[in-house]
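Paired with chain B in one complex and with chain C in the other, chain A is shared by the two complexes that follow.
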Partner chain A sequence: MIGITSYGSSTSAGQGVEALWKGVSTGQNFLKSFPTESWPVALNFAPKVCSWPGERPSSAQDRLLFHLMVSWREAKARVDLSADRVGVILASTKGLIEDYIWTSQSLATDLMTPLLKAFCQHAEIDAVKMMVVSNACTSSLSAIWLAEKWLEAGAVDSVVVAAAEEVGPFVLQGFHCLHALTASVAKPFSKERDGLQLGEAAAVMIFSKRESDVVVSGVAVDVEGHAVTRSAPSGNSLKRAIDALNLDEPDLILAHGTGTQLNDEIEDQIFFAEYGTRPAITGSKWSIGHTLGASGAVDVILACETIRRQTAFRLGNTEAVDPKFRSRYLTRNSDVAVEPSRVLISSLGFGGIHAVTMVEKGAS
Partner chain B sequence: MAVTCSFDFLEFAFPNPEPPSWHAQVERWYQMDSASYGLCELWTKMPDQVAPSLIFLASPSGCNEMDQQFIKSGAASPSKFVYTLPSTRSSALLQLMNWQGPLFCVQNDPSTIVSALGEAAALVEGQQTIWIVGSQHTDQNLAFRICLGNAGSLALQPSKAETTDVVTDVQLLNWLKKPSSSLNLNTGWILQTSGGLA
Partner chain C sequence: MDQAIVSRVNELMHQGFEIPTENLIATARLKEDLGLDSLDAVDMLVHLEEKLGSRIEGERLMHVKTLGDVYVLVQETLTPPTV
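Showing the complex of A and B:
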């Protein structure tokens, strides 16, 4: 068990956790359509499809660093790390891809470590340990797993998990050719669901062994050798991850809930098999988009807020749940009178990778 | 406490026009990136290792090679796009191994493998076996596997002796291919041959 000491975020809902909470809990959709008709783009194409509020003609590193620093300042304002040995983990899928892919230069390094080092430099963190975790859409929860190990081993006093993702032409075209994007809006767990919407986000979470009012009581990651991209329809890997937690039932689930056919089917099937209709299920991607490697961090932050505020939020675009589904969902018109004390967050990613985290009320 | 480990590697040709021996088990094997292909070749030729309880997939240079290929091929191939994600690299290997469990794709250039080795050494305990797998592309394509926690000719010894020098993946792989005396990884561990254990 590790304490969630502090956190901050910058998403398409705005800068700060309050903006994120307000946006998601009042049913706002912050996403705009990304144009794909301009493909193929010329070399040195300047991406102009970002969903970050405001236009900033700059590099991917500038943009990601800016939003990471917004998140860091919010998180850092509530905690003093000056005496701590600090570890830093960056969670991301494609990092600085848009900065170099459109040039002919080859890159001698991976796309994440330069961002991690730049973040540590700007945040003035003299990290005793650093690592990038790139487990596709489970990157954030996987990073929390590693943070827990570092803290349990006593290798560090605090761990900063920084997650950041932006959507440029590379990522956009990738999802476009996968036919994973909806032409309208994402409607997770709805019968009308036909794909996901991409979004951008940065989030920073600070973990320690200190007492906290919200804690991570467990985190598990499971990968299956089923197929190159898609998860097995049986959902066995997600089930194994949940079973590995070996914890009491949650009263709320923040599902991955992308709005794709297979993702939502697997989640419904496994959540119902594990918990029946007892926990309410909701999600955030219909509002701020699927922020890929950062999505788990955003959902952990939202889970903390549901516990602190003793309420939940709805799946704002979902009016009627797919009649095949058997779990209990917080749809657009649902009563959200949930008083969560234990929240499960799930993430599913390419390569058949699944991760779950339980966030619950802490002692302090 | 010291951690014993072993090192396997395979230099392989890529792309290979001939279907590999395992082609029937992996859908669209011909669209794999070189790292995924090399890991499958390594597993097929050297399968006799204790199954791991956890795997680190170390990706020096990330997926840069496949990122470029995706764009150069017109950015229209879903198969190429998914191989721009490190987690997809592990999928074919796991299918051949018939393995499932926790796997972490890590990067920390220029010391990605070095860092993964430090993490694995700190985590391995009891009867656990942890693998670090990955590939390196310099003059040749090289797939590798480091197995910690079972018998092996190498050992990781905890050490507080650190220098300011960064140990790179290239240095580590060169040492692993021809082990001699010891290598201070600067991650709290010294790598040495088992005969040199205190």
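Showing the complex of A and C:
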């Protein structure tokens, strides 16, 4: 068990956790258009928070650093790390690849480490441990798994997990080729669902062994290696991850809930088999989009907010649940009078990598 | 340019970044003339949002060059788009 000391975010709903919560809980959809044909960058290995006064076009690295610093500023305001041995983990997946695709032909290009180092430098963190975790859409939850290991081993006093994702033409076309994108808006768990909408986000979370009012009581990752992209329809890997947690049942689930046929089928099947209709299920991707490697971090932050505010939010685009699904969902007109004390977050990633984490009320 | 916006932005720049008021002119370059660094962009974004009570596109702030650009950004943020 590790304490969630602080967090901050920058999403399409706006800068800050309050904007994120307000957007998701009031049913707003932050659909955003992304560049489809070109990428106006010059690859640069010294990311800058911003390009004042227009020294060069901003790269994916620059933009992610900017949004990470906005998130860091919010998270840092509530915690003093000056006496701590701090570890820093960057969680991201495909966003940074845009810089490589459009400017470099070297397969040896490492785009993640310069961003991690730049983040530490700008955040003025003298990190004793640093790591990049790029585990597809489970990157954030995998990073929390690693954070727990570092803290349990006593290697650090606090861990900063910085998660960020960017969408450019390569990422967009990739999802398009997989027929994974919705033609309208994402409607997770509805019969009319026809795909996901992509989103961009940055989030910073700070963990420690200190007591906190919200904690991560468990995190588990499982890999099935079923295919390059698709998860196995059986959902066995997700089931193994949940079973590995070995924790009491949640009263709320923040599902991965992308709105694709397969993702939602797997989640309904496994959640019903594990918990029946007892926990309410909701999600955030219909509102702020699927933020890929950052999505788990955004949902962990939202889970903390549901516990602190003692309420939940709905699947705002979902009028009615697919009749073949058996779990209990918070659809657009559902009563959100849930008083969450234990929230499960799931992330399902390409290659059949599945992760879950439980966030619950802490001692203080 | 709406002088009320100029005054509000200048007040923020003076109080938030301790820039002398006589230096706060539209043509002042944020970096060379006002001495702001890239991290100040993050602070400026948050301060502006708090002061104006309105959401600013962070991406746009990354590309402003002069104080005049900031005035324009704020004015466009506070002015509803016409159809």
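We take it that the second predicted complex is superposed on the first by the 332 of 364 C-alpha atoms of A that agree within 3 Å, B and C clash if a C-alpha of one lies under 4 Å from a C-alpha of the other, contacts with A are read in each partner's own complex, and residues count from 1 in each chain.
Here is the rule we use: contacts are C-beta pairs under 8 Å (C-beta built on N, C-alpha and C of every residue); 3 or more make two chains touch, one makes a residue touch a chain.
What you see is a predicted model; the values in this text were computed from it and never measured.
*Asks:* Let me test your reading of the model: by the given contact rule, A:135 touches which partner, first (chain B), second (chain C), both or neither?
*Replies:* Only chain B is touched by A:135; chain C is not.
*Asks:* By the touch definition at the top of the document, which applies to A:195: first (chain B), second (chain C), both, or neither?
*Replies:* neither
*Asks:* Output check: A:155 vs chain B and chain C. Expected answer is one of first, second, both, neither. What do you get?
*Replies:* A:155 sits against chain B, while chain C stays out of touch.
*Asks:* On the superposed three-chain arrangement, identify whether chain B or chain C touches more chain A residues.
*Replies:* Of the two chains, more chain A residues are contacted by B.
*Asks:* Is A:63 touching the first partner chain B, the second partner chain C, both, or neither of them?
*Replies:* In the superposition, A:63 touches chain C alone.
*Asks:* Regarding the shared-chain residue A:227, is it in contact with chain B (first), chain C (second), both, or neither?
*Replies:* A:227 sits against chain B, while chain C stays out of touch.
*Asks:* Return first, second, both or neither, reflecting whether A:101 touches chain B, chain C, both chains, or no partner chain.
*Replies:* first
*Asks:* Would you sort A:174 into first (chain B), second (chain C), both or neither based on which partner it touches?
*Replies:* In the superposed model, A:174 contacts chain B only, not chain C.
*Asks:* Classify the contacts of A:15 with the two partner chains as first (chain B alone), second (chain C alone), both, or neither.
*Replies:* In the superposed model, A:15 contacts chain C only, not chain B.
*Asks:* For chain A, what residues appear in both contact lists, the one with chain B and the one with chain C?
*Replies:* In the superposed arrangement, which is not itself an observed complex, chain A uses no residue for both chain B and chain C.
*Asks:* In the complex of these two chains, what residues of chain A are touching chain B?
*Replies:* 39-40, 93-95, 97, 101, 106-113, 116, 130-136, 138, 142, 145-146, 149, 153, 155, 170, 173-174, 177-179, 220-229, 236-237, 240, 349-353
*Asks:* With touch defined as at the start, can you tell me which chain A residues reach chain C in the complex?
*Replies:* Touch list, chain A to chain C: 10, 14-16, 19, 48-54, 58, 62-63, 66-67, 69-70, 73, 122.
*Asks:* Report the residues of chain C in contact with chain A in the complex, numbered from low to high.
*Replies:* 29-32, 36, 38-39, 41-43, 45-46, 49, 55-56, 58-59, 61-66
*Asks:* Would you mind writing out the residues of chain B in touch with chain A in their complex?
*Replies:* Within the complex, chain B touches chain A at residues 26-28, 55, 59-62, 64, 67-68, 70-71, 74-79, 81-82, 84-110, 112, 115, 119, 122-123.
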